[in-house]
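Quick heads-up: structures coming right below.
Note that chain A is present in both complexes that follow, paired respectively with chain B and with chain C.
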Partner chain A sequence: MINVRNLKKSYQISDDRYQVLNDINLDVSKGEFVSIMGPSGSGKSTLLNILGGLDTPDSGEVLINNINIDSLNDKKKTLFRRENIGFIFQNYQLLHNMTVEENISMPMHADKINKNIIEKQVKDIIDAVGLKGKEKNFPSQLSGGQQQRVSIARALIMNPVLILADEPTGNLDRKTGTEVLKLLSNLHRNNHLTILMVTHDIYAASYSDRIILLKDGHVEMDVKHEKEGENVDLITNILEKLNS
Partner chain B sequence: MLISLRISLRNLIRKKYRTLFTLLAMVIGIASMFAVISTVETAKKMTEDRLKLYLGNADYSILSTNGTFSEVYLDKIFHTEGVDHALGLMHRRSQVELKEERSKLQSRLRITGLSSLDSNMLHFNVLKGNLNEEGIIIPKETAELWKVNIGDTVMIHFPSGKKNIKIIAIVQNTPLLEGPNDWQEADNKIWRAAASLSLVQKWYMEEHRIDEVRIKYDQNFQASHITNEIEKELLEKDLYLQKVILDEKQTNQLDDLYFMLYAVGGLAMLISAFILYNTLYVNVMERRNEIAIMKTIGYTTQQIKQLFLSEVLILSVLGIVIGIPIGSILSKFLQQSLFSSFQENLTFQMQYAYTLPTVVTLGILIPLIAALLPLKFASKVDIISNLKNTPKESKSNPKWRLAIGLVLLVGAFLPNGIGIICIFIAIFFLAPYITQLLLNILTHLKLLGYEGKVAVNNSKRTLNRSASMSLILAFVICLGLLVSSIFSSIEKNIDKDLSKSFGGNIQLSFEAPLSDIKMESIKKAINGYGEFNLYPEKIVGWERNNEPRQFTIISADTNWYKKYPLFYKDEQSNSSILNQLEKENNIVLGEYAFREWGGKIGENITVFDNNKKYQFKVIGKVTTTQHSGYTAFVSKKIFDQNFKVIKPTKGLINVRDPEEEQQFKNSLVDKFSNEISDIQSIKEEAKKQQDTLSGIKPLFNILIIIAILVAGIGILNSLVISILDRLREIGVMRAVAFTNYQIHKMIIIEGVIIGIIGVFIGIVLGLVTSYLNAQTISDSQIDFVLPIDTLIMSVFSGIFISILAAFMPAYKATKIKLIDSLKQE
Partner chain C sequence: MSVKYGILTILSQSPKHRYDLKVTLENMMYKQWTLNPGQVYSTIDRLVRDKLVEEVSNAENDLKLYQITKNGREEVERWLQNPIEVLLLHDEFFFKILCAKRLNFDLLNKMIFQQKEAVIKKILQLHYLRKELENTAESEAMLYLIEGGLLHLEADLKWMDMISDLEGY
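And then the complex of A and B:
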């Protein structure tokens, strides 16, 4: 599903060049729920952005369903993103002048999908994320958790093969965060969605079935676990790695 | 102060595009203002100078009701106490024969004999030759058309026979010698030359006779004393002393034109001020957090204001420094366009003495006024909410704004131009509501697709900003339509006005009052071809707010006017006016004279002639082609009773067969080439007026194009600001759904929306103000005319400039790095 080969990315800040990603190699299979963790500046968000075609690598390649996203031109990249990838951001990235249903349906409208299909699909997804009755609300009228649900609904509306989530619970309290994680976990399980989630919260990562730890631009650790929220040994191990 | 200047400069450089476009708008605004003010100033100075030059800088003239008088008076006056200088003049007609054969009409020449060719009253700027030799002096333009140089001779017809006369000097053009500029113009305009008085007297066998003495008073003496002394010398009854009044309205009636120029130039400056306001407002909004921090660490409100004021001052100074040189180039174009419309070859010196300080003052003052509101916002920034980044609730426009707008709209029915002002202010208040309404309509029309829907939503969010930009475009379009409607109306009415007030189909002027013998011979020549009427007119003085003024009173033969009037009045039949004119001391004023006089019908106007006062009762205001309306009519009986001049100097002819008109005109010039100074058929006059109008039109087109350009920069500025406001949103759209093309389309539609709304409001406003203007202005030349071509042009240019203005912001929106835009708050 996702194949990353020899991926490198650096940034120039004033006179210094920072190597953010240094020769990253990884493969993610269809239907996996992967957490990418790491300390600040470890390159996890950069990796996610490159995977989503929002940023470009210096070298190496990223294949999603065998398509090298970096080789696409701007238009094809947008269309690829629209059809295959759903984004969930830490600060939700909703459009404040659009209602809940308008925010969710935006990618479908941009794709010029039939209005009746849009209406039906938006209704279904709103029900699925538990926002029934909030369709006409504006983001400012919703709680943080509700806004993140809108963001999740928007990410899912085009039936993507891959969800890229950048700190989806970063702005939420534990209770609301847990609700969002459960929602993601259910979607993953029921719809066989592939999810890549960047997080620095071990509790959030425990909902995934694979954790990749990045440090200083390379993969420090890549482990799989079975039960969500229970693998204490693994969590302790990661904590140690993070603190070392 | 230095620190705040440095910080301001850094802020301006940091937002380089915004600064660039704001500066560009200010430069255009200042340049237009400079161009317009200097054009009007130069035109005013030039017309005044020309009048002075033409009148030889004289204070008084001595004239005779018989046309000529003895030269002895020149000598007597010259030696009168208090007379600084006296100049004797004699104007005579002739025909000139050149190497190339020309028609009689094109060969007419007026020679002015001057008692001194180099006096301080009438100075010639000699380009070539020597004034002391024997021969004639001609202007450069005439020499070029005649293809002659100094020392060459031309054959001139005199009563004593043909003579070869030497060209002794070629001089710079001056009003006294203003001749045709091309051979075509020579059909209607006479060539002019000057020579010494004694030579002209000899050529015309009128030894020791003169037509006029122009007198310059010595400033060290009391004017009344000098006048008394001169009057003692005027022993003959036919002689009279006439005060020379520099009333430029006699030759220059450009007030309306100046007003329109100021309106367009002012609008350009207003738009740039609004753009500056917009930029500053966004700067303040963007830097709320920064302001809050500054307040926290102890900056006073005054210091924060100073910071933003420094930005305004830097932009103003740059705007002035760049705008003024561009303005001076633009003003040269405007001057040329304006003066070429006068159909005269004019040399002019640009006038900046008043323009420069005015533009510098306004260039600083207007931006400071524009900055007042943003500065107030800056000083009111709340520390807590901004440091916490509490989202601001968008406020809807207050109800009172709608109420004031609607009340003012009712004021459209008020008379005398107040209605037009009310509409303009009403539209200013109502613009956001109209914009909202039109945006709702656009949403329902669903013509622009999904991107259009998003664009409409974005416009709704920045409703006041979008409405203001549309309003600016609307004002430009409105002004364009108004000016075009006025011009179209004048153009349309030229033939109508002429046919109703030309007094026949040929008008004649004579060089000097006609003697009885001459009159008889002219009558004989005309008899058989049609009817004619010879009449005198008199230049008289009058006063307005103690300022001496001068216009011409025409002797109206009511019998002739019943058939071929020289004036008309829309609301009243001519016969009723003519009947009233026959009554004692009644007078009708031409529209322009009436406006300048400022009185009411039924009131008396006092006129002065030869130190006598005359009271006339103004019984009407009429439309006339004579002296462009700066004139008055009294009946022949009353004219003869009151004024010394009774010999005709003008003539009206109605040729029975229009096909014979040209032939008749030519034969008349043939026979009376020495007497006729000007002869014009109704067709020629119509063409002349059309040509003048065609000359002025491009001037306004240039200015309106500039105003549209500034409006375009305003739209561009507004869209750039709007995009900078929404960087994050655009990033999200691009990340999750929209292609670059779709983002492009959305932003261009936002521009088009501003354009469509601006065009719509502009057209409605333009048509309403044109209609109200036609109702308000009493000038019967101005009717409401729908200028279809300008209307179509407005639609296209308004939308085109909006699309053009949207291109750069659209491009910019798609070129911003996705990750960077997603990081924006």
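And then the complex of A and C:
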């Protein structure tokens, strides 16, 4: 699904050159929900931007379904992004003069899809993200959690193969953030979506199946869940933890 | 976990015989914790000795039936209401850090890395357990424990990151 090979990226700031990503190698399979964590400046957002074709690497390559996104010209890259990748941002990035349904359907209009198909898909996705009754509302009339739901619906409307989420719960309190994470988790489970989520919050990361820690531009740790024997003595451990 | 208070909690609801008590206690823990019968039975004997539990006659069969006493109910109430003393060094990793610093242990960095990895594995385990429990009835109490476990693990990770920063790793 995603193959990252020897990825390097640096930025020039004044006289200094900062190596943000330093030889990253990574494989993500279809249907995985992966969290990328790390301190500020560890390169996690840069990595996500390169994966989504929003930034270009100095060297190395990123393959998404065997397509090297960096090798595409701008027009093809835009089309590839629109049809294959859904983006979710911390600050939602909604258009404030557009209603909920207009925000969600925006990528479909760009593709000149039939109006009836658009209406049907927007209705389905609004139901799926729990925004029924809010179709005609403007973003300013919604809570932060609801705005993020709109942004998730917009990310999903083109049936992407990959969702890239940059701190999707970063602006939300824990209760609302948890609702958004549960929604992402359910969509992942029910639609076999591949999700890469950048977060600084281990609680948010606990909704994924795999956690990658970046440090100083390289992969410090890559932890997957081992399903076998996972729950042996687990409760005892929790209780010991709670009593310690 | 205290078998004593688990038994008293179950007997607060209805009298039970020994084996039934063991099974009910295991079910309360979602069968994630297998109890040693000897541990349960010796605890019942101690509770009888301390007059927190008493034997009652059982007309249906020869199995001994146990019920909670007034003192036993008061003991559960007292236990529920009293805060638990927070003992930092009960967490072995706290103690390990103390010992490693005392020895100027040169692999402290590796020690923290491995512990971080273990904590993240545990977080992912809890995630799967939460997923399983979300689809079952009567799992609210266990979901609370999972959330509590996650918060503790989150704090552990932040603490290890802090030590790494201070040590310059």
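In this section, the second predicted complex is superposed on the first by the 225 of 244 C-alpha atoms of A that agree within 3 Å, B and C clash if a C-alpha of one lies under 4 Å from a C-alpha of the other, contacts with A are read in each partner's own complex, and residues count from 1 in each chain.
Note that contacts are C-beta pairs under 8 Å (C-beta built on N, C-alpha and C of every residue); 3 or more make two chains touch, one makes a residue touch a chain.
Since we're looking at a predicted model, the values are computed, not measured.
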{"item": "First (chain B), second (chain C), both or neither touched by A:K175", "value": "neither"}
{"item": "First, second, both or neither for A:R82, with chain B first and chain C second", "value": "first"}
{"item": "Touched partner set for A:L54, first chain B, second chain C, both or neither", "value": "first"}
{"item": "First, second, both or neither for A:S206, with chain B first and chain C second", "value": "second"}
{"item": "Footprint of chain A on chain B - complex, ascending", "value": "391, 450, 453, 457-458, 460-461, 728-729, 731-742, 814, 818-819, 822"}
{"item": "Chain C-facing residues of chain A, complex", "value": "39, 185, 202-203, 205-211, 213, 220-221, 223-227, 230-244"}
{"item": "Chain C to chain A touching residues, read off their complex", "value": "1, 29-30, 32-33, 84, 87, 90-91, 113, 116-117, 120-131, 142, 145-146, 148-154, 157, 161"}
{"item": "Sites on chain A touched by chain B in the complex", "value": "49, 52, 54-55, 74-75, 78-79, 81-82, 86-87, 89, 93-98, 106-107, 109-112, 140, 154-155"}
